[in-house]
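Two complexes are shown next, each including subunit A; its partner changes from subunit B in the first to subunit C in the second.
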Partner chain A sequence: MRRQTKRKLYAVFRFTMLGLWFLIVAFPMYWIIATSFKPAHEWFAWPPVYWSRTPTLENYRIVWTGQASSSTTRETASLQKPWIALGNSLVISLTATTLSVAFGTLLAYGVSRYRLLSEARMFNLLMFRMIPPIVVAIPLTLYYSTLHLLDTVVGLVIVYTITTLPYAVWMTKSFVDEVPREMEQAAEILGASRWRTVWEVIFPLVRSGVLATFLFILILTWSEYLMALILSKTDVVTLPIQLSKFEGTTEGRVYGRQAALAVGITFPLIIVGCLIRKHLVRGFSFGMVKR
Partner chain B sequence: MLVQQVILLPPSQGEGRCAPCADTVAPEGSLCTDLTWPSLDFMIERSAMSTTVGVRQQRRSGIALFKWTLLTPLFVLLLFLLPVFLLQLYFSVHAWTVYLTNWWEADFVGFETFRAVLTDPRFFWSFLRSFAFAGLSTLGCFLIGFGLALLMYRPFKGHGFFYACFILPMLTVPIVIAYTFEMLLYQKGPLNGILSMLLGTDINIMWLTNPTIAAFTVIGLEIWNWTPFAFILLLAGLAALPHELVEAAQSLGASRWRIFWEIQLPLLRPVIFLVLILRFLEAIGEFAKTWALLQGGPGSATETMPLYLYLTTWQFFRVSKGAAMSYTVMVVMVAVVLVAIRVLRREKHALDRMYHRAGEQP
Partner chain C sequence: MARIELRHLRKTFGGSIEAVKGLNLVIEEGEFLVLVGPSGCGKTTTLRMIAGFEEPTSGEIWINGRMVNDVEPGQRNLGMVFQNLALFPHKTVAENIEFGLRMHKVERETRRRRVLEVAAMVKITHLLDKLPGQCSGGEAQRVALARTLVTEPSAFLLDEPLSNLDAKLRRETRAEIDRLHQTVAKTFIYVTHDQEEAMTLADRIVVMRDGRLEQVGTPLDIYNNPISVFVADFFGSPSMNLIPGSIASTRNGPCFQGPGLTLDLPPAWALMASASATLGLRPEHLTVQPTGGAFQAEVRLVEPLGKDTLLYFDHGGDKPLIAVVEGTRVFETGACLGLTFDPQRLYLFDAEGKRLR
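So, the complex of A and B:
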C-alpha cells in the first residue's frame, strides 16, 4: 500500500518535471511558428499576442518570393534572392555531406579492417572538431583569397568536408565494426576483389548506417554559421546568412519575416533529426556508449 | 548478389576442423569448443604454402595499394589545409594591414604583435569570459540533462513523445535560436509578459540590455540549445548499464540513493566525462548564437574569445593582431584538447576493459 502511493507520487513528480522542461523547450518553438503567421501590428504588441486573431501567410509569401508589396527599400534589399540562398544551402550541404560521408566510410572501413589509423590517431582526428573553428578563420580567409576560393561554393564545401570528417569516420566505423569479418573472408575465398568486397558485401550491410550518418552530418552542415559568414560575401549566401541579413539591414525589426524564414530553415532539420533520432547517440558518442 | 551467395555457402570445408589446431581434423564427438569456419589466415597460409613467393608479394603490395587509396582523401585534405597554419604563423609575425595589396609585402615585426596581444587586457578578459561561459553552460547542460535522463531511463507511458520533444533544440539552427530568443526576451516581450501574468505584477527584466543579466542570458541560450546532447548521451548510458548489478544491490537491501552513488554513477563515468569534455570544448568556440543575439554587448559583457577575435579582424581590420591572437588561442586550445583526448582515451580503455571482462563471464 505504502509502496504504491510512493510509486504514484514519483509518477506525478516525474510528469511535473518533464512537463516543465517540455514547456521550456516547446514555448520558443511555438512562439516562432506563431510569429510567422502574425501581421505586422502584432509583432510588438503589449500585452504580447499569444495567438494571432488575424493569421496571415503574408510573411511566407514575402520571404520566399522576395517581393514586398509595401515595404521599405531597406527591407527589399535584404529580401533579394531567397531561392538562390536555398539553392546554395542545398548544393553546399549536400555536396559537403556526400564527400564527407564517402571519405569517412572508406576511412572507417580501413580503420576497422586494416588498422589504417591507430587508435591514438583516431582520437587525434577529433581535434578538427574540438579546436574552436575561429582560430583558423583568419589565415583561411587570406588563403582562400589567394586561391580565389573566397565567396565560392567549392570553398565552403571543402571547409565543411574537413570539419565534419571526424564525425563521419567515427560514426560509420561504429556501423562497420558491427559487420562480422566472416563476410569478407567468405567473399575473399569466393574470389572477390577488395573493392568488390567493399562495394557488394560491406556496403549493402551498412547502407542504413551510412544513410543515418549522412543525415546526421547534413544537420551539421546545414546549420553552420561562422564559416559561411567569414568565407562568403555576396555571391554565395547560405540560408543562415540570409536570415542574419534581415537583422543587419533592418535593425532586427521584422520579426514576422524572420520567423517565416527561420521556420523554413529549421523545419527540414527537425524532420531529418526525428528520422535518425535512434542514431544521434552514436553520432555524438565516439564509441563511448555501449549498447 | 554476392551477399546471398556468401550466406548460402555451406560451411562444408570447415566442418569438424577447429581454427587453432587447423591441420588436425577433430575426431567425431570430441570436445572442441571453437568449431568455426576456417579462418582467413589459415586459408592464406595454405594458399601461400602451395604457391610461389611471387604471388604472396603481389598480394602484399595489393593490400598496401588498397590501404593508400583509402587514405588518400584524408591526406589530400590535410595537405590542402597545411598552408593555412603556415600563413597564420606568417601573419602573426608580420604587420599586415588591408591597405597593402599583397600579403607578401608586409613588414617583419617579430614577436611585437604577440607582445601586444598578451598585454591586451581585453583579450585576457574575453578569454576568461569564454572559460566562464563554457564552464557554467556545461554544468547547466549536464545537471539538467542528467536529471531528465534519470527521470526517463526506465520506460513509462509517453517516453517516446518526451524524447522526441527534448531533442528538438539540438536540431534547431543556432542562428534561429538566437533570433527566436531575441523575440522572446526584449523588454516588452512575451517572456516578461508571461512572468507578469503569473506573478500579477509588472515584470521588466532587461534580459538583453543589463550587462550582468545578458551574460547569463547567453549562458541560458547555450544550455537550452545543448541540454539534449547531455540528455541523449546520459540516457543511453543509463539504459546500457547492466541490470544485474542494480538488482543485486536491491536484493541486498541497498537504498536507491546508495545504488545511484555507488553503482550507477561510477559505471557512467566514461559517458559523463565525454559529455563534459565535448560540451566544454564546443562551448568555448561558440560564436553563432552569441554574435547574432548581442554582438558582444551590452558593453563587453558577452564578448567571449571567438567574438573578440572576430571583432578585431573583421570590424577593426587588425588582421595581424587577429592572427597572433588566434595563434595564441590555438596553442592554448591544442594543449587543452590533448589533455581532453588523453582523458577520453583512458575512459574508453576502462570501458572496453569493463565490457571485455563482462563478456568473458558466462
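So, the complex of A and C:
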C-alpha cells in the first residue's frame, strides 16, 4: 500500500474512533438537556423520545420556583429548596476553593523554592487524597458532632478545603517550578522583598495556572456528594444533594425536573469555563514563560 | 565604585562537593575582571556568592571595606545580568527597567527620567513599550543591561551574558559591554567559559580550575606566560600544540623526544633533562616551508578560514600538530613540508603540567 493511502486510512480510523468516543461522552449530556424540556408523559415513553415535539419550560419553572402546576401533584414542597441549595453550593464551593488555592499556592511556592517537603513527602500528600473519602467521613462525623460542625456551612468548607489542598499544591507547584529561579533573584538583587517578589514576579507568571487549578477544584467541590451527604442533613443542603432528593418523592422518579436542575447545576461551571478559557489553555500548556 | 575582596572563600554543596576551595582575590575599583574556566570550575558559584545568592561555607566577602556575608543581595548595591537574562516577561521593557527604582521608592518623575536616560544609553528607547518576548536576542540583552544600570550599582556582575547570542551578535554586544564599562567606570566582574571573551574584555583575567585560582594576570600575560598546561591549552584559538615526551641529554646538547619526533633544544635547557615533559608550541609560532626546517611532517588536513589557513600535520603522535599560515598560500593534503620554530617561543611543562620554561 502506498504511504499516502496508509496515512489517509489511519486518519479515517482515528476520526471514527474519536467520533464514537464523542458520542459516548456527549450522549448523557444531550439526554439530560433533552429530558429537561420534555413534558411528564415523555420521560418514560417507549420508544424513547429523543427530542420532544412539544417542548416545555414547565420543568424549569417547577424546579426553580418550587410551585407545582395544576397538572402535577404533591411533590413534597419541603424538599424543594433549589435557591437555598444554590446559595449554599456557591458559598461553600467558592470559599473552599479560594482557601484551598490560596494555601495551596503558598505551600507550592515553599515546596518549590525552599524544599519544604521532600519528593516522597509530596507524594504522600497526594496519597492522602487517595484514601477513600468514606474512610474519613465516618470518623469525621464524630468529631464534627462534638465540635458542632455537623450540618453547617463552615463544616463543609473546612472539609472541602483540606481534601482539595493536595490537588492545589500539586497543580500549582508545577507552575511555580516553571518560573526560572533567576527571575526571582533578579528581583531580589534589584531590592525587592520576598513578598514583593512573589506578588509582582511569581504570581503574574503563574496566574494562568492558578486559575486553571481554581476551576478544577471548583468543579470538585461544586459536585461533591458523599461528604455533603454524610456531614449535612437538613439545614445545609448543596445542589448535588438537592438533585438526589428528586428521587424518592411520592410521585416516583421525576426525571424531567431532575434534568432541569442538573442543567442548572452544570450551567455555572460552563459559564466560568468559557470566561477563563484563554487562561485555561495557557494554564494547561504552561512553559511559554521562559524566554 | 567598589573594591571587592574575597578572603579564603570556600563553598561546599551537600557536604562533599567542594565547588570553591579557599579563594583569595582582590578586585580593584573600576576594574574589569573576568573569571574564566571550564564548566564546573567554580566561577559561577564564586559570582553568586559575591551577589549573595549563595552563602559561603567559610571565608569572607568584603565590599568597600564592609564584610557583607550577612547582607542580603538587595542591600549589597550590586547589579547582575543573568545568563538567561531573567527579564520579567509580563512587564514592558520600561517597567522592567523601572523595577529596581520602584523597589528603592524613587519618585515617579525621577524614575521616568532615569529610564529614558538609561534606555538612550544602550539605544533601546524605541523598545520601551514592548514586552521582552517581542525583542530580539540582542535587544533583550540591552534591556537586561539597562535594568541593571538604572539603579547605579557600585559593581556589575555578569554571568555568561552572551552565551545565548549568535557569533556576530556576540561580538557586537561584547564591544557594547566594553564601551559601557568605559562609560560608567564601575567595577565589572564577568564570568565566561569563552577564552576569546576573556581576552578581549578583561583588564585582568582569573583562570579557575577545580575551585581554585590557576592563574591571575592581564590577558597578554596569561597568553604569553601560562603557568601550566591547563592555562596554555585553554587560551588561544587554535589552542597550543602540546606534545608529550621527554628531555634527554645527547652529545649535541639537550633534545626533546616525542612520538615520532626529535627536536634539538637550546643548550640552556640541558639542566631540565627529565623522564617526562610536555612541549608546547603555539600554532602561529610554527613556520611552514617547502623543504628543510627543524623537522618534516605530512599535511593531513587543510582548513581554510579565509584570512588564515590551518594545517594539521601528522608527526606520529596522538594529536595532530597545527600550524597557522596565511590564507593566500595554497597547500594540499599529503604533502610533506618542513617546519621551523623559534626556540625562544617554546614552552616546556613538567609531568604535573607545571611550567618549566
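To be clear about the criterion, the second predicted complex is superposed on the first by the 258 of 291 C-alpha atoms of A that agree within 3 Å, B and C clash if a C-alpha of one lies under 4 Å from a C-alpha of the other, contacts with A are read in each partner's own complex, and residues count from 1 in each chain.
The rule we apply is simple: a contact is a pair of C-beta atoms (placed from the backbone, for glycine too) under 8 Å apart; a residue touches a chain by one contact, two chains touch by 3 or more.
Model, not experiment: these values are computed from the prediction.
By the touch criterion stated above, A:S223 is placed in contact with subunit B alone, subunit C being left untouched. Legend: residue contacts after superposition of the two complexes on their common chain; A:L269 is shown touching subunit B, with no touch to subunit C.
Of the two partners, subunit B and subunit C, it is B that touches more residues of subunit A.
Legend: residue contacts after superposition of the two complexes on their common chain; A:A137 is shown touching subunit B, with no touch to subunit C. Of the two partner chains, subunit B is the only one touched by A:G110; subunit C is not.
Of the two partner chains, neither subunit B nor subunit C is touched by A:T152.
Contact with both subunit B and subunit C is seen for A:V201 once the two complexes are overlaid on the shared chain. Looking at the shared chain after the overlay, A:A187 reaches both subunit B and subunit C. Contacts of A:T98 after superposition: neither subunit B nor subunit C is touched. Put simply, subunit A uses residues 182-183, 185-190, 192, 196, 200-201, 204-205, 289-291 to touch subunit B in one complex and subunit C in the other. Contacts from subunit A toward subunit C in the complex involve residues 180, 182-183, 185-193, 196, 200-201, 204-205, 289-291.
Residues of subunit C touching subunit A in their complex: 51-53, 72-76, 78-80, 82-90, 99-100, 103-104, 132-133, 140, 147, 151. Those residues of subunit B that touch subunit A in the shared complex are 1-3, 5-6, 9, 37, 39-40, 43, 62-63, 66-67, 70-71, 73-74, 77, 80-81, 83-85, 87-88, 91, 103, 144, 147-148, 151-152, 156, 162-177, 179-184, 188-190, 193, 197, 224, 229, 232-233, 236-237, 240, 270-271, 274, 278, 281-282, 284-285, 287-288, 292, 305-306, 309-310, 313-314, 319, 322-323, 326-327, 329-330, 333-334, 337, 340-341, 344-345, 347-348, 351, 355. Residues of subunit A touching subunit B in their complex: 11, 14, 17-18, 21-22, 24-29, 31-32, 35, 44, 46-48, 50, 102-103, 106-107, 109-110, 114, 116, 119-120, 123-124, 126-127, 129-140, 142-143, 146, 158, 161-162, 165, 181-190, 192, 194-196, 200-201, 204-205, 219, 222-223, 225-226, 230, 240, 243-244, 247, 252, 255, 258-259, 262, 265-266, 269-270, 272-274, 277, 280-281, 284-291.
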